[in-house]
Amino acid sequence: MKVYLSGEIHTDWRKEIMDGCAGLDVSFDGPVTDHDASDDCGVTILGAEDSKFWHDHKGAKLNAIRTRRGIEQADVVVVRFGEKYKQWNAAFDAGQAAALGKALIVLHGPDHQHALKEVDAAALAVAETPLQVVQLLRYVLTGQLPA
Amino acid sequence: MKVYLSGEIHTDWRKEIMDGCAGLDVSFDGPVTDHDASDDCGVTILGAEDSKFWHDHKGAKLNAIRTRRGIEQADVVVVRFGEKYKQWNAAFDAGQAAALGKALIVLHGPDHQHALKEVDAAALAVAETPLQVVQLLRYVLTGQLPA
Amino acid sequence: MKVYLSGEIHTDWRKEIMDGCAGLDVSFDGPVTDHDASDDCGVTILGAEDSKFWHDHKGAKLNAIRTRRGIEQADVVVVRFGEKYKQWNAAFDAGQAAALGKALIVLHGPDHQHALKEVDAAALAVAETPLQVVQLLRYVLTGQLPA
Amino acid sequence: MKVYLSGEIHTDWRKEIMDGCAGLDVSFDGPVTDHDASDDCGVTILGAEDSKFWHDHKGAKLNAIRTRRGIEQADVVVVRFGEKYKQWNAAFDAGQAAALGKALIVLHGPDHQHALKEVDAAALAVAETPLQVVQLLRYVLTGQLPA
Amino acid sequence: MKVYLSGEIHTDWRKEIMDGCAGLDVSFDGPVTDHDASDDCGVTILGAEDSKFWHDHKGAKLNAIRTRRGIEQADVVVVRFGEKYKQWNAAFDAGQAAALGKALIVLHGPDHQHALKEVDAAALAVAETPLQVVQLLRYVLTGQLPA
Amino acid sequence: MKVYLSGEIHTDWRKEIMDGCAGLDVSFDGPVTDHDASDDCGVTILGAEDSKFWHDHKGAKLNAIRTRRGIEQADVVVVRFGEKYKQWNAAFDAGQAAALGKALIVLHGPDHQHALKEVDAAALAVAETPLQVVQLLRYVLTGQLPA
Amino acid sequence: MKVYLSGEIHTDWRKEIMDGCAGLDVSFDGPVTDHDASDDCGVTILGAEDSKFWHDHKGAKLNAIRTRRGIEQADVVVVRFGEKYKQWNAAFDAGQAAALGKALIVLHGPDHQHALKEVDAAALAVAETPLQVVQLLRYVLTGQLPA
Amino acid sequence: MKVYLSGEIHTDWRKEIMDGCAGLDVSFDGPVTDHDASDDCGVTILGAEDSKFWHDHKGAKLNAIRTRRGIEQADVVVVRFGEKYKQWNAAFDAGQAAALGKALIVLHGPDHQHALKEVDAAALAVAETPLQVVQLLRYVLTGQLPA
C-alpha cells in the first residue's frame, strides 16, 4: 500500500508513522520537508527572481512535480494540520486527493474541528494522533486491532 | 461559460463579479452563503446530534452535494481568500478544481501571497480584485480588453 | 439538477418526492416501477425462455439499458430500502452510484441501520422519510431550510 | 491476475478458492473477515461513540479504505451471497465492481436466483460452488478445462 | 435518449426503427449510408490517390469523424449484421461501443448466432427484427410493453 | 457539431470556413485573434511585469482559460499552419486535441508536409485549403459531397 | 512492452511472432486458442444449456474475462484476420483496442484490404506477415531496422 | 520516476541528463534518435510508397507506437527545443503531455521564449540547460539542492 504523508512539516509525525508501520507492506512518500530548500528550490536551480511572487511561484511549481505525482500514485493520503500557520497547501492537497478518489485520512487536534469540517467530511478517517494512523493502517493491512 | 465562485462568504464579491459580467454569456454557481443555514442544515433536516463533530459532519456532507456538483460542472473556478478565518474549505475547493483540470482563478490580497503559493502555482490567473476577475472573464469570452 | 430515484417500488415515495419538489429546477428519473412489466419485458419482446434464469436475465439486461443510463446521467442518486424483500438491486445501484462519484442519498428506516452501514458510509446523506429528501434537495438548490 | 473475494464471511469459501488455485499466477484480496474486528475497528482506534449509527459509520469508513482499494486494483471480483443476512454490502461491492468495469463473478445458490437477477445480469459468470470458481479461474489463466 | 444505428446499409432497417419510434423522446444518428459517397469521400474532397489502399484510407478516416462522434455521444448503440458481406466495420463499431460502456443492442438473424457470440455476449439485448428494437426502446423510455 | 479553429491568425481562413458552413448545424470557437490583445492581456488586466518572460507567461495563461476549454468542448479541432512563424502553439494545440481523442484536421500547404508528419499522422484529415475543410465538414454532417 | 495477439487461431502466427521477438523486453498475451475448449468452457464448468445461444453465451462471457483484461493491459494490440470465417470477434477486439487508445496493428492479406478499411484506418500499422510485426516490434523497442 | 525525453535529436542533451542522474531512482525513455531510421522505418518494414506523404505517414505512425506509450507511461516529460528546424513534433508531444496531466519541463534557449510562451505556460519548469534538468530531477527525488 502506498501512503502519501501531506501537510505540517515542523514536527516529526511522519517519522512516528513510518516507524510505527515497520514490518508492514507499505511504502511512504511525501513532500520535501526541508523548509528552506522547499522555498528556494526554484530560484536556486532555475535562476533568481526580483519579485517575491515569481520567486515563490517557481519553487511551488517545482515542488508540484513531486507532490502531484506522490498524491496520484498513493492509495491513501494522510493530511496533517498542525497548530500554526495557514496550511492552505495541506487543504489543497486534501482537495486533490478527494477529487482523485484517494482514501483520505485527516490528522488534526480538536480545536480545528469546526474549521476543517468540509475536509473531514471527505475523509474516511479523522485521527488526532500519529499513533491512531499507525493503528488504522495496521488494521487496514492485516485486520489486527491494537491489543 | 460556467463559473463557480468559491470561498469567502462575508463580503459581496460574488455580487460584484456577477453584476460586472452582466450581458456576457456566463452563468454563476457557488455554495450556500447564508452562514447559519450552511452550518445547521444537516441537523435541521436530518435530526439533531449531541456531538459538535457529527453536527458539523452532517451539514458539511449535505453542503457537499451542492459544492461538488458546482465545481464538477464549472469551466472556471474562482476561489477567493479573505482577510480572516482559516478558509481551509476554500483551499480544499481549489485542490478539487485543480485535480479535475478546471481553469482555476485565485483571488486574494498581497499579504496572503506566500501562504498561497502552492494554490497560486496551480492557477491560470491570480487576481487581487473582483474587478480584475470581471475583466478577465470578459476578455476570455469576447477578446475585449478594458479600455 | 438530475435526480435518480432507485430502489423500493411498492410505495409511492417517488411521487412524494416529486410532488414535494414542485417548482424546483430538478428533473427525476428512475426504473420502470410496474413490477410485472419489469419482470417480463425481456421475454415479451425478445422471445420466451424455458429456464427461469434466462427469463430473468433477458429482462434484467433490458432494464439495465434504462437504469445504467439514469444513474450515469444523474447528479444525485437517492436509493430507498423498504421493509421487505432482499433489495439487492437497490444496493447494487448504490454501489454503481458510489463508484461513479455521484452524490448518494440513502433512505431507510432505523431497523436497517446496521445492515446498511457500508452503503450509508458512502452516502452524503442518510434520511428516514421522503419529506427529508424533499427538504434537502430544496436546501441544496435554493439554500432555504424548512421553516 | 488479481482477484478480490467479496461477500459472505461465515463459511470458508475464500480458503477453498485460494487452496484450489494453488500454483496459478493469481493473488487474492478481500475484506477483513473477523466479524467483531470489522464491526468495532472504528471506535477501537478512533474513539467510542454513544450512537450506534456513528459507531457503525466510523467502522464502515475505515473498512472502506481496504475494500475500495481491493476492488479498484482487482482484475476479477468474486461476490458470494450466502444463505443468511441482508448482505447489502455484497451487492454494494458488486455495483462498484460493475461500474469500474471489473470482470464480475457472482457465487450463490439457486434460491437467490430471482432476487439477484440484476447483479447476475452484470456478471461474466454466475457460479454455484467455489469449485466452479476455481475451475473458471484456472481456465481463464491456462486454457485448461477440468478433466 | 440518443441512439446510434450502426452496420448494414443495404436495407431500410434504420427507417423502420425511426418510424416506429415516432413520438418518443429519442434522437437517431448513424453513418453516411450512401455507399458510393462513403467510399469516395476522401479522394473527392482531399485529392485522388493512385493506390486503392490510400484511396480507402482517406475515406475511412473522413467517415470516422462522423462515426466516432456518433458512437461517443450515444446512450444506446444498435449494430445490425445483415446477410451478406464481411461487415467488419459493424463488429468494429460494436467493440468501440462496448469499450466505451454504451448500452449495446445487436440485431441479426439466427444463422449468425455462433459467429457473433462474442459480440452478443457484450450486448444488453440481442434482437432479430427492427420491430423488436422499436419495442424495447419504447419500453426503456416509457415502461410500456407491446399489447 | 462543435469545431475549434486553432492556429494561424494572420489570414481570414476562419471566416472562409465559417462562411462556407452557413446553414449547417455547427458552431465554431477559437482563440482570441487580436494579436496585441492576446499578447498583452495578462499585464493589462493583472498588472505589469518587468520581465518579458512573466509578461508573456501571464498572458499565455489567461489565454489558456479560453483555448483549453474550447479544445475540450470541441468535437473537431482544425489546426492551421501558415507560411510564417514558429507556430509552436498550433502544434501544441494539436497535441492536446490528439491526447483528448478529438477528431483532428490539419490544414497546411505542401511545403510543410515533412515537418508536420507526426501531427498529420494523428489527424483524420489533412487539407490544403479552407474550402476542403468546408467540404468535409459538410460531408460529415450531411453525407453530401461537393458537386 | 505488453502485446496482445488477437484474432485468427488456426495457424501458428502467434508462435512466429513470439519466437521472432526472443530477446526483446516484451510479454505476450492472447485468447485461449484451443477451439473446442473455447467453445465449451462455459457449459463444461457452469453447467449444460439446452439452447445453443446460451451455450455459446456462457462460453463467450467466460472467455471475455481473459480477453478484456488482456486488451486493457496491453500497450500494443495485434489483430490478425485470416483467410476464412467471419472473424467478427477479431474486429470486435480491434474496436475495443481503438476505443481504449491502444496502439493497434492489423495483420491481413491484400484481398481483405477494402473490407477492413475502417479497421486499418484506426491502426498505427497494417502488416501482411508476422515477420513484419516482429520487425516493427523490434524497431519500436530498440530503434533497429532489419538489415 | 519515469522521465520521457522528447524533442531535439541532434545534440547529446539526453546523454547529459541521463549521465547526470546516475544513481537516482529514475528511468528514461524517448523517441528513436537515429534520424534516418526514424524517417524510413515505415517503408523499410511495411513496403515502399511512391508518394512522399505516405512514406512519411507510415513512418510517423510506426514511431507513434513508441512515443505515445513513452509519454503515457511517464511521470515527467522533458521537451527540448533546439536552435534549428520547425520542431513541431516537440510541441505536439508537449501538447499531449499537458493534456494527459504529465509534469512538463521545457528546455530551450532565451531566443525562443516568446514563441514558446504557450508551451511554457503549461510547464512546471522552464530550463535553459540540461544541467538544470539534472538538478531539478535530483531535487524532486531527493530534496537535495545543488551545493
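The chains carry the letters A, B, C, D, E, F, G and H, assigned in the order they are written, with residues numbered from 1 in each.
Basically, contacts are C-beta pairs under 8 Å (C-beta built on N, C-alpha and C of every residue); 3 or more make two chains touch, one makes a residue touch a chain.
What you see is a predicted model, and the numbers here were worked out from it, not measured in a lab.
The minimum number of touch steps separating chain B from chain E is 2.
Repeated interface: G-H and one of F-H, A-H or A-B share more than half of their contact pairs by residue number, and that pair is A-H. Distance from the centre of chain F peaks at D, each centre being the average of the chain's Cα atoms. In this assembly, the C-alpha centroid of chain C lies 23 Å from the C-alpha centroid of chain D.
Our note on geometry: chain B versus chain G, Cα centroid distance of 50 Å, whole angstroms.
Measuring from the averaged C-alpha position of chain D to that of chain H gives a distance of 44 Å.
The geometric centre of chain C is 31 Å away from that of chain E, both derived from CA atoms. Chain contacts: chain G has residues 61, 64, 126 touching two or more partner chains.
Those residues of chain D whose C-beta lies close enough to touch chain G in the complex are 1, 75-76, 103, 105, 124-127, 132, 135-136, 139-141, 143-146. Note for the complex: chain F touches chain H at residues 52-53, 56-57, 59-61, 63-64, 67, 81, 85-100, 112-122, 126.
Interface residues of chain E facing chain F in the complex, by the touch rule stated above, are 32-34, 37, 40-42, 44-46, 58, 61-62, 64-66, 68-69.
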